[in-house]
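The following pair of complexes shares a single chain, chain A, combined with chain B in the former and chain C in the latter.
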Partner chain A sequence: MTKSYDAIIIGGGIIGTATGYYLSKQGLTVLLLEKDYLTAGSTGRCITGIRQQFSTPATIKTAMRSVALFSRMEEELGRDVEWTNSGYIFLAHDEQKVETFKKTVALQKQFGLDVDYLSAEECKKIVPMLNIDGLLGGTWCPSDGQASPFFVVQAYAENMVKNGCEIIRGDEVTGITVKSGRVESVTTASGAVYGAPMIVNAAGPWAREVGRMAGVELEVEPERHEALITEGVAYMNIPMLVDYRKEGGYFVQRTTGQFIGCYTPEHQVKGRDTGSTLEFIAEMARRMCRLIPALEDVAILRQWSGSYSMTPDGSPIVDETSVAGFFCSVGMSGHGFMLGPALGESLAGYMVNKTWPFDMSEFAFGRSFGAKEDLA
Partner chain B sequence: MRLDQHPILSFDRGKPITFTFDGKPVNANEGESIAAALHAAGYKTLSHSLKLGRPRGFFCAIGKCSSCMMQVNGIPNVKTCMVLAEEGMDVRTQHGWGELKNKPSSRTYPRREMPLLETDVAVVGAGPAGLSAAIYASKFGAKVLVFEENTKVGGQLIKQTHMFFGSRDHHAGVRGIDIGDKLISQLGDNVEIMTETPVVGYYAPGELAVIRDHRLHRVRAKKIIVATGASENMLALPNNDLPGVYGAGAVQTLMNVYGVLPGKRMLMVGAGNIGVIVAYQALQAGVDVAAVVEALPVIGAYQVHASKLRRCGVPILTRHTIQTTWGDGQVEGATIVRLDDNWRQIPGTEQDIACDTICLSVGLKPTVEIFFQAGCSMAKIPELGGDIPIRNEFMETSVEGLYVAGDASSIEEASSAMLEGRLAGLDAVEKLKGSSDELQELKNHVKESLDELRAGPFGEKIRQGEKKLQEEASRL
Partner chain C sequence: MSDKDIIICRCEDVTQAEVEAAIDGGITDPEELKRFLNVGLGPCQGRTCGRLVLQILARKTGKPVSEIRATKTRPPLVSVPIKEFIGSDDD
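Now for the complex of A and B:
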């Protein structure tokens, strides 16, 4: 006999576990299926940053809601997730960026975000070790922050289970059965069949394949991003520094002491390859030292890579699809960890009550991908 | 405490130098690692743990455990067992992570081409296996580069003062310390050894990253032989992190490389060959050995080593283990306890032993990170030390052109490590430069020697492990 649930979630990263937790909070019985281990996809490979500085209303509001959720996560979920308001500074090294930043700051302020445009000298006051050669200014949001993706996912997962839901690891969804335009069940590699009237595609870099199982085409394309982490040094409260120059990158000091960071590759490496290159560590080290010369004395500990699941406009697709009962929360475009809690909460709310907390049409399934996120 | 006299070794102390430890002057000699020099001056606490701030000392002495990380000339997290003391150095204890000092932003950090080192064969590790691989690969015309992270060449041989067993071909009757020199003298002109050059990654296909003179270098090699050795196992017991708890290799390094005593009175845990030999070496250096405890019902070491120790009045207590260690900031004693036939501690048999040194000789674990990173098929084989790369009879792993030799392939002895190194070196050069009768003959001979070495009762465990490994390999 097929075991049935109120909802089935495919994918055990931040999106799957957050959506599952908020559904469980509303009393639904949920089955989460993860083919590997929790965080094995993109979540466990992210560099832990959480920002609210975006350039579109729905993204700004979602990120602000996420920060609110991160802020009380320890209280609500009973686990220290290493959440800290360590802030983000977006650095402008050319006039065009200054203009863009001033414009986005004005928009962000409309939503009540505590963000300001600062001069280069003011940036140096916040980060005394910052090399401000060529720096024109930057935007500073002190309530942006960081948390541990492993602890956050663990906290959501254990609370989901506490609320009576199930998580199965190590079994891959291989098929989705749709009848009369409505989802009915999933089949897994082990041959199991699980039924539910609602199924959520939270499969990150595998989202396109999972969508096709239900006959839904999702414009999500994985892309390799490399990252590294250094050994730890005493915490100096260095916020996430986002360097937008051609040879830029972004990195933050973890509250546990290490510096973690990555840069957007000059030439896109499409696909789910998670290999590492020697070029990356040499180049990332150079770019980090250029901003914080003191990092010359810090050793790199590890490097890895993960997949950004890109949509054409850089915003996620969070909606019910063309198949009734088949939802997607995919195409995070590199922002899954930071947007995850609020997107999980919103989608869970929509699945139960058919209402969104605010206008989220920017993330609609089937939208035209015309506009582009300025702060991608 | 530095040793003045030793029955086997003589220590050529380098020029006297002075550096500061937390602002206090410390006298040392050139050629001593910072950690060894501090030990000689009586400083056993080198760092403090991250979360609880517990004192940490010297444990492995070969850069693998990180408990000796200190702030040196302002640079945080320096492994002081791997860096030589220098005149005027500023050495500071770390409480958790080290502090980063601000630097003026004078440089522009331009993009630079990464230096490239090209070779036929790259060897990782200049211990007995790595040196043997280099000798035999170069003998048949391969250009070889050997990368060694330590300041000295010879791996663990540089601290083995005992004579080796076996046949002449296995250097029987020669002390380990002299075998290293012998191997070095056999290296051909087409071999270059780079010390203080750690290998930090494998990048497919056939590329390594090394750090040399503080710069990342790319190495391009047609064949790579990894002989990274092993690290010491820890034993789970209360206060096992107290300064004064050492791995057996670290005690050997202190006494036999630097001529520095680990302490006055030692408890040895483990009566395998290493435990018994190091206990005897401690006596030779003038350390009082309270006892050797061994959880197994029998002594694992060769009879001749165990008898030597017993003749000196050191009890070897089988079916005994260490229950706890105690001390205020460093080891002051340990409690040992008897075990029943089911390995349970027998209440009421506890015995306190006053000592300032606890030496753990409870096995080794192959150093295999590079094989995992390279994507080699791995197998967990307890008889050979745990996780190891699956390899064929000529030591090639499942990644073509990547070889393993020595303790990294299975925890055995230096004699077998040397033979494995020779096999890997010969196979690599055969594939690069073609075969010859001489090479084939040599290869067969080495193979036979290795089988011979593993014959007999002491090779039983290894033979079992090898059998399991072959089964795993056939499943690939």
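Now for the complex of A and C:
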């Protein structure tokens, strides 16, 4: 006989585990299926950043809600997830960025975000080690922060199981059965069949393939992003620095004293390749030292890469699809970790009560894709 | 000496008891153990502890070490100061 659940989640990254946890909190029986191990996808490759500085209402509100959830995660989930308000500074090195930042700060303030536009000298006061050559100004949000993606996923997974749900690792969903326009069950590589009236596609870079199993086309395209981490050194009080110049990048000092960072490659490398290049490590080293010259003696420990899952407008798709009972929470770009808790909570709420906490039509399935987010 | 006192990963201070508790909690993939315990992510990159973790996994799961996939090794193989990467360039 087919084992049945209230909901099945495909994918054990931040999105799958957060959605699973918030569904379990509402008393649903959930099965989460992960083809590999938890955090095997993009989540285990992210650089831990959590910010609220975005340029569209639903993204700002979602990110602010996530920060609220991260701040009380230890209390709610019983595990220290290394959450810290270490802040984010977006750096403006040209007039156009100054304009954009002033505009986005005004919008963010409307939602009550503690963000300010600062002069270069004021940025230097916050980060004394910052090289401000060519810097015109920056935006500073002290309540942005960082957390460990591994501990967050672990915390959600443990609590889901504690609430009576199941997680199966190492079994891939290979088919989704749809009857009369409604999902019915999934089939896995091991030959198992599990039934549920609601199925969530949280497959990250594999979202398109999983969508197609139910006959749903999702415009999500994976793209390779490389990253590195250094050894731990004395705390230098460096928040996440976002440098949008052509030879820019983003990096932060972790609570472990390590520096972790990445940059957006000039030429996109499409696909799910997770190889790493010598070019990246050399470039990233140079870019980090350009902003914080004191880093030149710090040793690089490891480099790796992972996928950003891109939609045409850079915002995620979080909604029920054209197949009844088939939901998706995909296309997280470079923000899935930080948006994950709040998106998990909202989607779980929608699945149970058919209401969103606020207008989330920016993330609707089937929307026409307009312009890209300003602070992509 | 209890398992709580046996250090498996010196760099990241992970004990045998912690590794065993994680395995009992359902984490039986060395990649997942590495991420959840930081075991093998220290400056020696798991050179000291990698084998010990595999042995504990083998004992607890009854699988021979040869059937457990070893964790992926990421470059650089030894840690390198940042200035080594930037000195050579002429920009």
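Throughout what follows, the second predicted complex is superposed on the first by the 376 of 376 C-alpha atoms of A that agree within 3 Å, B and C clash if a C-alpha of one lies under 4 Å from a C-alpha of the other, contacts with A are read in each partner's own complex, and residues count from 1 in each chain.
What we mean here is this: contacts are C-beta pairs under 8 Å (C-beta built on N, C-alpha and C of every residue); 3 or more make two chains touch, one makes a residue touch a chain.
Because the structure is predicted, anything quoted here is derived from the model rather than measured.
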First, second, both or neither for A:296, with chain B first and chain C second: both
Touched partner set for A:98, first chain B, second chain C, both or neither: neither
Chain B versus chain C as contact partner of A:170, first or second or both or neither: second
Touching partner for A:158 - first (chain B), second (chain C), both, neither: second
First (chain B), second (chain C), both or neither touched by A:44: second
Partner chain in contact with A:286 - chain B first, chain C second, else both or neither: both
Touched partner set for A:257, first chain B, second chain C, both or neither: first
Touching partner for A:236 - first (chain B), second (chain C), both, neither: first
Contacts of A:364 with chain B and chain C, given as first, second, both or neither: neither
Contacts on chain A seen with chain B and repeated with chain C across the two complexes: 231, 276, 281-282, 285-286, 289, 295-299, 303
Residues of chain C touching chain A in the complex: 25-27, 29, 31-32, 35-36, 41, 43, 45, 74-76, 79-83, 85-86, 89
Complex contacts: residues of chain A adjacent to chain C: 36-40, 44, 150-151, 154, 158, 161, 167, 169-170, 230-231, 276, 281-282, 285-286, 288-289, 295-304
Touch list for chain B against partner chain A, complex: 50, 74-77, 96-109, 111, 114, 201, 203-204, 207, 209, 216, 218
List of chain A residues in touch with chain B within their complex: 128-129, 131-133, 231-236, 247, 257, 275-279, 281-283, 285-287, 289-290, 293-299, 303
